[in-house]
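Presented sequentially are two complexes of chain A, the first with chain B as partner and the second with chain C.
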Partner chain A sequence: MSATMEPTSDLLGARGPLDQDWRKVINYGLLTALVLMFISLANMPVGLDSRKIIEPLLSMGYISLLWVPAALGYAVTSEKVLEGMVAHKKGARELVAGLIVGLIGGGGLGLLIVLIDNFDLRDPLVNWSPQLLALLTFDEGIGYGVGFWLMAGAALGLFGGAAHVVSATVRKVVAAAILWILAFSVFETVISDISEGIQLEWLADELYYVRGGLSQQGAVGVAVVGILFALFGREHVREAKQSFQSLEGEKRTRANAIMLGSCVVATIVLPMVLGRITNELLANVGLFVLLALGLNIVVGLAGILDLGYVAFFAVGGYTTAILTSSNRGESWPDWMPHTHWFVALIVVVVFAALSGLFIGAPVIRMRGDYLAIVTLGFGEIIRLLFLSDWLGGFTGGAQGVTNIPGVDLGFVEVKGTDPRAIFYLVAVFCAFAIYVSWRLEKSRIGRAWMAIREDESVAEAMGINTVNAKLLAFVVGAVLAAFSGAIFAAKVGSVFPTSFIILVSIVILVVVIVGGMGNIYGVIAGAAVLIGVLGGPKQPGLLAEFSEFKLLIYGALLIWMMLKRPEGLVPNVRRSRELHQEEFLQDAWLKGHVDTDDQDELGDEGGVAPA
Partner chain B sequence: MSGERLLTIKNLSVTFGGLHALKDLNFHVDEGEIVSVIGPNGAGKTTFFNMISGMVTPTAGDIIFRGESLLGLDPNQVTARGIARTFQNVRLFANMTILENVMVAQHCRTKQGLWGSLFNTASFKKEEEEIREWGEHVLGFFGSRLIGYRLEQPASVLSYANRRRLEIARSMATKPTVILLDEPVAGMNPKETEELTGLIGKLRSEWGFTIVMIEHDMKVVRDVSDRVVVLDHGETIAQGSYEEVSTNPEVIEAYLGRPAEEAS
Partner chain C sequence: MTTAMRHKAAQKTGVDQFLTFLRVVLSFFIITGLVMFVLQQINPDNPIAARINPDATGLTADQFEGLVISGLSQGAMYGLIALGYSMVYGVLGFINFAHGEVFMVGAMTGMIVSNKLDEAGAWESNFLLSLLFIIVVAIVCSTATAVIMERVAYRPLRGAPRLIPLITSIGVSFLIQNISVVLLGPGAKSYPTLPDWLADKRSILFFEIEGTKIMVLVVAAISMAGLWFLVERTKTGKAMRAVAEDKEIASLMGIDVNKTIVTTFAVGGAMAGVAGILWGILFRSVIHTTGFLPGIKAFSAAVVGGIGNLGGAMAGGLSLGSAESLAPLMVLEPWGIGGVSQLKDAVAFLVLIFVLLVRPTGLFGERLSSEDRA
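Here is the complex of A and B:
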């Protein structure tokens, strides 16, 4: 068993530079060319050009192209080394493959330049534009553009291939520099906000160019810090993490309490040093965290794929709106009071639970795909009801309900114009949702949900009333979504049927899947990445320029995640076990955790304790 | 040895389309009995179990358990009445831990809901403790195989034989009166089979369970059963002690076919 455990000791010799899997290399090259052309014609280079990474050298627009040859140049020679397999030594072969892939890709883009210059296909392809041509040729003529992309493609492909060849340290240094520059560029608003908030304006002024983008000296500085951290800091972080994980018993509890405390403090302090826009962003992230935590109970724990989750968000929003607004539909009788937000909240809970039961009861006996389709339908039905003429007198139809007041806490009114206050309000509800998820997950109810997710008919045969358990999951999820809707109404000040389109359901589901289904931290991470950085269905994120491409990127991200990391960013242990059953079992076997029947034959009652 | 009549099955029939999976079946189990159901493949044995446990609804006939009909009850209600089962193709909750597998099976014997879970009330803690204890208690029935460090491991790491054991433990955890074992020793080696045969006896003598068992291994059937029921083509063709049944010409015919001179 241990002979094959040292993967580096006996590598096969390097293969010759021309000993390629030519078919694969050409395929990857063509793929690179196709992806580059697609991105160009999807208008990403032009649309994202205004977002600078390093002023004036590099914009997000160019980044959208440059990563492709590098990534595919790397991927073309990556091979999966399984246990017991021996890897080849890396060398010139990898470089050549990367180079060819990049060259073909660059050639594809060159071809596109020539085509755009000579033909006009603007009619079907709206982005077949002079701007694109200008951007791709740097206004220097066709020859320059084609030559540049050929060379750039080749260089980047080579760069990607080189990642296999160079030593781990070099790889670490380069990766750190790139990641840190990108991160500082993406989080520009947050970082300059924080540095202003803590009276360090000069830092932001040094780092960033006036109209956005890292300054050149800023980029160099960030890269240096990143490299230093990668070389010297990361070890310490890893050690700290390990020593934290190795804590046990009382110490662990105390360490957890400290971690939790610092999270709470950060949640309270951070918004104080942040500006309006960033706080607005945080508030949006919070709303989606709340929604995603609710959906996580339904999908992640109980395994009910609900595609109409937005319905409960809408119920929460509309209930709050109608009860608090001074401008609700005309059909309401005069005696219907205009209540305070908190009074409305109680009604919201009741209504959300009822709608959860109402929608849940008919669909809950279905399973799998059928259930997903029916919930999808119900999600739309609820929206159309709010939009309909039939209920128009009550819900305002397409005009929606406006003039929704904020939440009057006596000393302060929490409303949309004060995103910081909204964020605090959302944070309180998120904390509640996290507590609920955490408690339920390890209770009798949570176990029943898990059993249903694993095998519904066996769960039922083991005495679990699956209808009740699933309904309960539906109702708990519905109430959390309705909370989010209630805050949403108070924040925006108005609700319209268009605020509750099906896209919202899909985005929440994507947040849960990308973040890590069944894991509270995962869901929060997913919301932060997707809603915070890319933006929600209607809310801009940190990369506001991405709004046009948001769905494209969501889709691409989802596909990539499904292929490479189906368990999500921060996976739930069980789920990743389920998805990587074979790897997991092999791993367990290596550690001596899997039992075999042999020991029984030897009459060994106890089995072998793990090493 | 036999006590009062526990389970009576009267004229039970089920048809899938035009196929009679079970035809006019009569059957009974007394308290403390171990009854084996045998028969060639496709005889309707598993359908018979599915019907008792409520997973399949019979087209005619009645199932009476402790004087009350089980017809129309959902599987979870049948389990709550005291009939637990295992499955022919082991169906554990593979990604839940071994302890969780037996804890979740006590669902219908416990009652803490949303309130207790959210506020971690004293009664919630007490019940969790009891669930855990009972879970470890039933796992302990199989020696040290399923307890200790294994408790927190997912069921998927278990060996085949241990999965079968865990399934039996899971059915025991539901605190049943009757356990339906669907081929409990299938896939086990002779030594494991022998051991499990002993344990099935103990399930009755030490735990007081009544057992109905489908089994193909005739040695196991002979060693543990008080009574053997033979099914073929959905009908009971013989009933009685192992000796009676094993010499019954109809049974031999069902298993081996007709002697050559008669068939031609």
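Here is the complex of A and C:
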């Protein structure tokens, strides 16, 4: 919405290189400097240095610094072009702005180098270390380091600014090369696993250096393939997608069936070619997909912000644990049987539904934000109860419940030591959850939820029983989370109160929001990207080196998404319309489609006066 | 249609009945617990008390006094944090979830500065002046955090659907916690030892109170008086109250709404900064998650006292603090619940739930504009 037009003499042509919004440029420069200093002091360059991208040229550590001047050098001159506005021509102005931003940023890093060399602030700032200094100066002395970062900052800022100026093709080629190299580096484990699984070890050996990181010839190869794809392949993909979307009736159904079939086949075949670690990762992603699908019903569809969602995960985990484990708390009477996992699952469903009702009923009438805090309170209470000595005889207290057997299927026992089997089990439940979410979304109750989300009083006036609908959302969400808890218990073989901290709720919330509230594909994509790549609250992801920083990244991501793209990466169409109603109205108004009575709907922020 | 409506009515009363049931059960639980506690105090051998929990030992007068005082001093701290929640909720109508982190920033700053002062020797030799200094520094840092937070995260979201700023504030809270982890390290860090003369017990009226707790109560009282003066007696305060009542009308009256909202965040941040130092004095240890539980409890305190009501926030803090320190022994133990001290945090949440069930507008009534009352 920052689309204010700057008062310039020539609105449409290229502006002179010094015709800058100086204040903005300086601010962005200082921001760059600040971010660079923060990242350095947060230990990212040192902590991530062991993760190589291209051996021996580039590591994640340096990437964590390099992207900043480029991104902000690009952002400083990007403008949002709304309907009814004409974009400026780009030229030297953008380059100069980017250069200055980068220069100031590099200067900030130079300043940090000088400061580290001269002062010792190691007492509060734990990463104020010689290692950081060595990394930033390349062991070549202070002058070299300062000079390097000034130059590098300027160059990267210029690079960012240049992205505005160069032709679309060049931009596409460069972006493709960078993205492909990064992607191949991030998915290194998966790709070498797959190539090993399909007898193509030589490919992985060619691509990757022995101890991790792309080899130089591998990087060049990947970049070339990426560029070729961007130039020639992408069009074909887009055409195929369009022709798929334009299919109708019988053909569409058949195409959908084929897509679904190939997804199923991929889910079955992929784990077979993957190794242990990658399968473990997939199983974790699956558990979180299940949780996120449940929360998606509560938050995404019904619009109830449940922060104590982990409580239901805990109920599922503990119920399974207590019913199946041979080492449960000693206060249980002897006659209580040790059941099979599937029998326990039935009890889990009942208990989860009851706890959904019990937690849901008191909070259902509260306003949205009170509800959030109270559910958070319930989540904490349940954890504290499991932890307490009072119920320790039943739940094991801080020692938790151990010796939980796997799921005995007759021909095979699914347990944590076999992540592939766990993944298949999770996948079955995910498929069930996806089916349930999909059917519910299209059903009467799904439409009722969406109506409640958009406006509760209107929904009530339309004859929807809001209390029942909201309770049902709670119960469905609870049951899905409890499934995940039951599988989690069988997978890990033990449950402890520390597995069910509030952090889990928040991480699931981030997954749902980043993926796209209310959209099943979005939620799955969110879980795969966040949990798979960065890792869950306690589970490592593909970028295991990031574990120190993942929560920081989650927090930043949550804020950024809320500010810039509240509908998520893969948005739900209806939800995104709700959130951007003002902009839609504004565009429509500028086009002249809305009569002027609706002007007050535009809100005070959208006040771009028509020229 | 009629059957559907009847069905609906029946369902509604179903939930209502359940709520009434919950209210009754909770009230019964609390009152009976209290009665049994009193019976036990009168005579530990009397048949009713002995039957329910024969192990309960009851409290001596000294223990009781100690619990009340520690409850009140923690409650004063909660009250100071609660002011920030209450004011922001009054003005913007959303829960600033990250306010607990503003408090944590205050406690962290105090830790860093007081350790530096301790190294320089000033902490021992000139304690009161050092204390004043760390309070000022903590206020500055907390205020800056709160103001930056408002500028970066909340201002662009004015007028967004209600839950959006709340979710953003969860992100802010998460971010600040983890910034603290990556910059200052994940471990718990401690304040320097307090001088001996401070820790000594002194008798005031009927109470024997530790010096630290007197200090906490005094600092809290001074801050509260300052805030009361600011809000009720100055022009800035008048503007804040006007904006809380109705933003549009206030801006028509020539009040700069943006500036007033920033002031609100700043004042709330300052109070949280003071509370951070009080935390440091009381517990002498701070970690990145320090802000989370006190933050939630302070919000509960704000709700207990009636959100938007500043006196209520302070009173809510004091009552929540005392409830949290007394209820485990006075309500839970007579029921035969073991290991009650572990359930302290659960008690705070139960108080919140109970108040919202029984009297959602808080003990002293909420003061919100009509649009936020929803």
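Convention: the second predicted complex is superposed on the first by the 570 of 611 C-alpha atoms of A that agree within 3 Å, B and C clash if a C-alpha of one lies under 4 Å from a C-alpha of the other, contacts with A are read in each partner's own complex, and residues count from 1 in each chain.
Here, contacts are C-beta pairs under 8 Å (C-beta built on N, C-alpha and C of every residue); 3 or more make two chains touch, one makes a residue touch a chain.
All figures in this text were calculated on a predicted structure; none of them were measured in a lab.
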{"item": "Chain B versus chain C as contact partner of A:Ala168, first or second or both or neither", "value": "neither"}
{"item": "First, second, both or neither for A:Leu18, with chain B first and chain C second", "value": "neither"}
{"item": "Which of chain B and chain C A:Asn465 touches, first, second, both or neither", "value": "both"}
{"item": "Which superposed partner A:Val210 touches (first chain B, second chain C, both, neither)", "value": "neither"}
{"item": "Which superposed partner A:Ile445 touches (first chain B, second chain C, both, neither)", "value": "first"}
{"item": "Chain B versus chain C as contact partner of A:Arg574, first or second or both or neither", "value": "first"}
{"item": "Which of chain B and chain C A:Asn127 touches, first, second, both or neither", "value": "second"}
{"item": "Partner chain(s) touched by A:Val374 [first = chain B, second = chain C, both, neither]", "value": "second"}
{"item": "Comparing the two partners chain B and chain C, which touches a greater set of residues in chain A", "value": "C"}
{"item": "Partner chain(s) touched by A:Leu385 [first = chain B, second = chain C, both, neither]", "value": "second"}
{"item": "Residues of chain A at both interfaces, chain B in one complex, chain C in the other", "value": "463, 465, 578, 603, 605"}
{"item": "Interfacial residue positions of chain A with respect to chain C in the complex", "value": "1, 38, 41-44, 123-127, 303, 305, 307, 361-362, 364-370, 372-374, 376-378, 380-381, 384-385, 387-390, 392, 463, 465, 467-468, 471, 502, 506, 509-510, 513, 548-549, 551-552, 554-559, 562-563, 566, 578-579, 603-605"}
{"item": "Complex contacts: residues of chain C adjacent to chain A", "value": "4, 8, 11-12, 15, 18-19, 22, 94-95, 112, 115-116, 153, 156-168, 170-179, 181-185, 292, 296, 299-300, 303, 337-340, 342-343, 345-346, 349-350, 352-353, 356-357, 360, 374"}
{"item": "Contact set on chain A toward chain B in their complex", "value": "435-436, 439-440, 443-448, 450-451, 454-455, 457-466, 472, 476, 574-575, 577-578, 581, 584-585, 588, 593-597, 600-601, 603, 605-607, 609-610"}
{"item": "Touching residues (chain side chain B, partner chain A) in the complex", "value": "53-55, 74-76, 79-80, 84-85, 87, 91, 93-96, 100, 103-110, 112-114, 116-118, 120, 124, 127-128, 131, 143-145, 148-150, 153-154, 156-162, 170-171, 174, 189, 191-192, 195"}
